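These notes open a run of structures that come right after.
Look at the two complexes coming up: chain A is in both, with chain B in one and chain C in the other.
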Partner chain A sequence: MAKVELKKLFKTYNKKIKALEDINLTIEDGQFFVLLGPSGAGKTTTLRCIAGLEKIDSGDVLFDDENITHDQPASRDVSFVFQQYSLYPHYTVYENLTFPLRSPMRKLPEEEIKNKVEKIAEMLKITNKLKNKATELSGGEMQRVAIGRALVREPNIYLMDEPLSSLDAKLRETLRVELKNIQLNLNATILYVTHDQAEATTLADKIGVLKEGKIVQIGTPEEIYENPNSIYVSQRLGSPKINILPGYLFKLNNITKIGLRPENIELGNGPYEGKVISTENLGSETVVAINFQDNEILASIQGSYKSSINEKINFDINTNKVLKFDKGDQRIYER
Partner chain B sequence: MSVKKKFKGLSDKAVSWLFIGPTVLLLLAINIYPLVYAIKMSFTNFYANKIGREPQFVGLKNYIKVLNKEAIWEKMQVTASFMFWTLLLQAIIGLGLALLLNRKFKGNELLTTLIVLPMMLSPAVVGVFWTYLYNPQVGLFNYVVNFFYDLGSFDMIGSSTLAPWAIVIVDTWMWTPFTMLICLAGLRSVPNYLYEAAEVDRASKWQQFIYITLPSVLPFLLLALLFRGIENFKMFDMVVELTSGGPGSATELASINLKREAFEKWKTGYSSAFAVILFVTIFGFGNVYVKVMNKIKER
Partner chain C sequence: MDTSRSYLEPSSFSKKMAAAIIIVYAVITLIPISWMVMTSFKNVDSAISYPPEVLFEPSLEGYVNLFTNRSRQSQEYLDSLPPPENWYEELVRSREMVITGPSKFLGRYSNSMIIGFGSTFASVFLGALAAYAFSRFRVPLKDDLLFFILSTRMFPPIAVAVPIFIMYRKLGLGDTHLGMIILYTVVNLSLAVWLLKGFMDEIPKEYEEAAMIDGYSRLQAFFKVVLPQAMTGIAATAIFCMIFSWNEYAFAVLLTQFNAQTAPPFIPTIIGEGGLDWPAIGAGTTLFLLPVMIFTIILRKHLLRGITFGAVRK
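Right after this comes the complex of A and B.
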């Protein structure tokens, strides 16, 4: 595994559409780095530039301080899990998994290939599918084979492009845990792309938030959640979503907008009075939507919470946890 | 009677018969009836030029005669070697051209159109103008060959060793574009991400060809060869115009021989038997081929 650095990366498509602008990031050896952002933010393009599948306009890609910007994909030794499964359709699962090991760049004895494939197949629970043709699998199985094909070798970095997005919720959760375990066991360097915040927070050592081809903040999941530098970043994490409200509602008249996480609102008593719009019981928590001076505020309460619609309700906010933003939606830091 | 019932249209079944009816009738009239008639004739000593003479039933005599005639086997051999070489060359060159044209470069589309042109010409016309190209004195073909390698004077059509190659060359020139087009369709259907995955998996270009390109394009290539095989088994017009089966009988394909027996010697019963044998042969081979092809596709 290697340390991967991107320096001042620029990339445009068809000389017009800006895909990446001044991307700078360092993925330490053994780090699980997650790129987070909505579709079109440049997440996939970043991965493809590291893999060498896209030519970059300017900037450098470094593996362990060695500049590989102009190397072919094959000589970079990375593995890539594509969003579409991209298995080789004419071959069995076993053959698909052995394919990367049969590269002329790494001659391995047949015995070793077999052992590696069997180990990976067991880990991903596809041992009974090894003899099936790739096209005879379900979506979840295909994606596990695709992940397996990436994991059979030890490249400089694993690049994963929303590998779990096409799976059902339960399998996604299992594989998420599995993936984290694998990463810890192998001490693997992984760059992982997702727009799913649960994946980002559970998997990442570090998160990079992308917006329109630029990295707007890099930090640990906690930093991104607690200390976002803009409204955009604050909205990436957290479910239910953060409340963005005008400052005057809470007598913060010189502040344009504030961000308030739903768990930082206390219901029952307090100086503010609103009306209940709806309640949503999620089991461990209940999300209450409140109409407060014609603004909708979401509050999340531990356990269940009984109230009826249009009922008057008093609440208070945790002022220490209020995030303040200026006119440009950027964070105002207090000293 | 209710209004609804009065305006009720034709049933689905009636509509479907309305559509396929004309086709079925035409097929029966110009394909099935002559076939059945020919099979019937093949068991008689019918001569189409002897009017008023009642054909007599002769049993399997015609078939035995055909199969025992050494000359027939020679024609079959000529046909088989013509098919073998044309199909082999068209497969290799067609796939090769398709691989080249599948790359992106300037003028790609114009080049494809130019390459496809020979296919659009009439086989008889092709036959005629290649007789000029093969002319030993002024032919362009001979000139070009001599330009690269001086063979002196040679006659592609007049020599019994070269004539079979003359028809192979013309057929390959004319129909390679067909295999190429179908292979190109196959190549275009291979998603690019497979090559990207292979690239990242550090496969060599050769591995990419063997593991991705070839299996994807093979069903298409086999289909093109099936069409070409059936066509070339009954090849007639181009070869008649080019060599008329000569010199001697060096390029006399089974179909040319059949036409001579039927419409020059007027041995109608005998040539019907020959025609039925040819039909069964191509039908049998075709079926076996399609079965094999489907197996490969399923793989």
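Right after this comes the complex of A and C.
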């Protein structure tokens, strides 16, 4: 495993479309780094540049302080899990898993190859599928094999491009937990791309938020959640979504916009009065949508909450947790 | 009435009708071929008898005549010879002839094989490389180049026969295997590039990317991952190329005489003494038909297997 650094990375497609602009990023050895952002933000492009699948316009890619910017993908020794499984359909599962080990770059003895593949197959619970053709597997199994093909060797870094997005919700959760365990066991360096906030917060040691090809904030999941530096970042994490409201609603007349997480609203008592638009019982919590001076506010309450539509409701906000933003949607920090 | 079938499925009557039509069509198209095969097993007399014989005593005379040169001799001379050593000598002598040596057929036939398979391999191999490049890389003037490649098929090949004839004579390529392989490859290549590009476009580029990250160069990835998945296209292209170069007549007549003459210009020259030797011609054309047939049957399973499915989500 290695430390991976990106320095002043620029990338345009067809000389016009800016894909990456001045990306600076350090992924420490053994770190699980998640790139978060909507589609088109440049997440996949960043991965592809590290893997060497895209030529970058300018900037450097460093593995353990060694500049590998101009190396071929094969010699960079990275693993890649694609969003689409891309198993080799003419091979069996076993052959798919051995494929990276049989590469002319490595030339491992057959015995070692067998041991490694069996170990990985056991870890991912696909031992009984090893003799199957790749095309005979279910979606979940294919994705396990694809992850297995990446994990079967110890590269400088594992690059994962939304590896779980094509799976159903239940399998996604299971694999998410497995993936985190595997990473901890192997002490692996992983750069993981997702737009799923649950994946980001549960897996990441560090999150980098991308916006239109630029990194707008890097931090731990807690920092990103509690201390976003802009409205954009604040909207990346949290479900239900953060409320972005004009400041005057809460007598903060010199503040353009404020961000208020739904769990920081208390219902029942308080100086503010609105009307219930809808309630949504999610089991452990209930999301109440309130019309407050023609603005919709989401509040999240522990347990169930009974109320009827158009009922008048009083609420209060936790002023310590209010995030203040300026005209440019940037965070205003108070001293 | 059978009500268990789904409305989408054709009725058993229309299925039977379809089968009947196909059988009739197959019989009609197979009549000339079966007639040709039958003729090859007739003797010289029954081949030209009228009314034509459908039932006849099979004979290998056609095949013997195809593979040998013979000369007519007087009865006295034949009597003076030691008894025939094998069945085909006996057969020839019963026609008052002796075998003077092997005919050129085997040589022509193997020329056809060498040139046919050689140019097929070359067209498919070069076509696959070119198709891959056109499919994956940003080639300057890509569309114009592809159109140019196709445009070589827009005139009949024979239109360039004379310049090629002169060029080949100057280059010393006339009447050589290499020359014919190059010629047929050039003609077939445009078809191969276009056909294979379509198949390559269908193969997701993630496969090669995965292979390159797994530690293979692009060329290795091409051979290990792309080619196996393009097998359907390769099989189809190979069959088309093979059929063309196997059957090609005009250039073969023009450019080959001895060393590299293929079977098509040779077969019509099988004219026996005193009339056309139909069984020998039948035998020649029957044998000529076999390699393409076998080749197609061998590659058929790749054609039927269909294009890659399933392993990449689209």
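Heads up, the rule we're going with is that the second predicted complex is superposed on the first by the 335 of 335 C-alpha atoms of A that agree within 3 Å, B and C clash if a C-alpha of one lies under 4 Å from a C-alpha of the other, contacts with A are read in each partner's own complex, and residues count from 1 in each chain.
Criterion: a contact is a pair of C-beta atoms (placed from the backbone, for glycine too) under 8 Å apart; a residue touches a chain by one contact, two chains touch by 3 or more.
Treat the numbers as computed from the prediction; the structure is a model and nothing was measured.
After superposition onto chain A, partners chain B and chain C are found to clash with each other. By the touch criterion defined above, A:80 lies against chain B and chain C together after alignment on the C-alpha atoms of chain A.
After overlaying the two complexes on the shared chain, residue contacts for A:229 are found with neither chain B nor chain C.
Counting contacts as defined above, chain A residues 51-53, 72-74, 77-80, 82, 84, 86, 88-90, 99-100, 103-106, 149 meet chain B in one complex and chain C in the other. On the chain A side of its complex with chain C, the touching residues are 51-53, 72-74, 76-80, 82, 84-90, 99-100, 103-106, 134-135, 139, 142, 149, 166. Contact residues on chain B toward chain A in their complex (touch as defined above): 191, 193-194, 196-204, 207, 211-212, 215-216, 299. By the touch rule above, chain C contacts chain A in their complex via residues 204, 206-207, 209-217, 220, 225, 228-229, 308-314. Those residues of chain A whose C-beta lies close enough to touch chain B in the complex are 51-53, 72-74, 77-80, 82, 84, 86, 88-91, 99-100, 102-106, 149.
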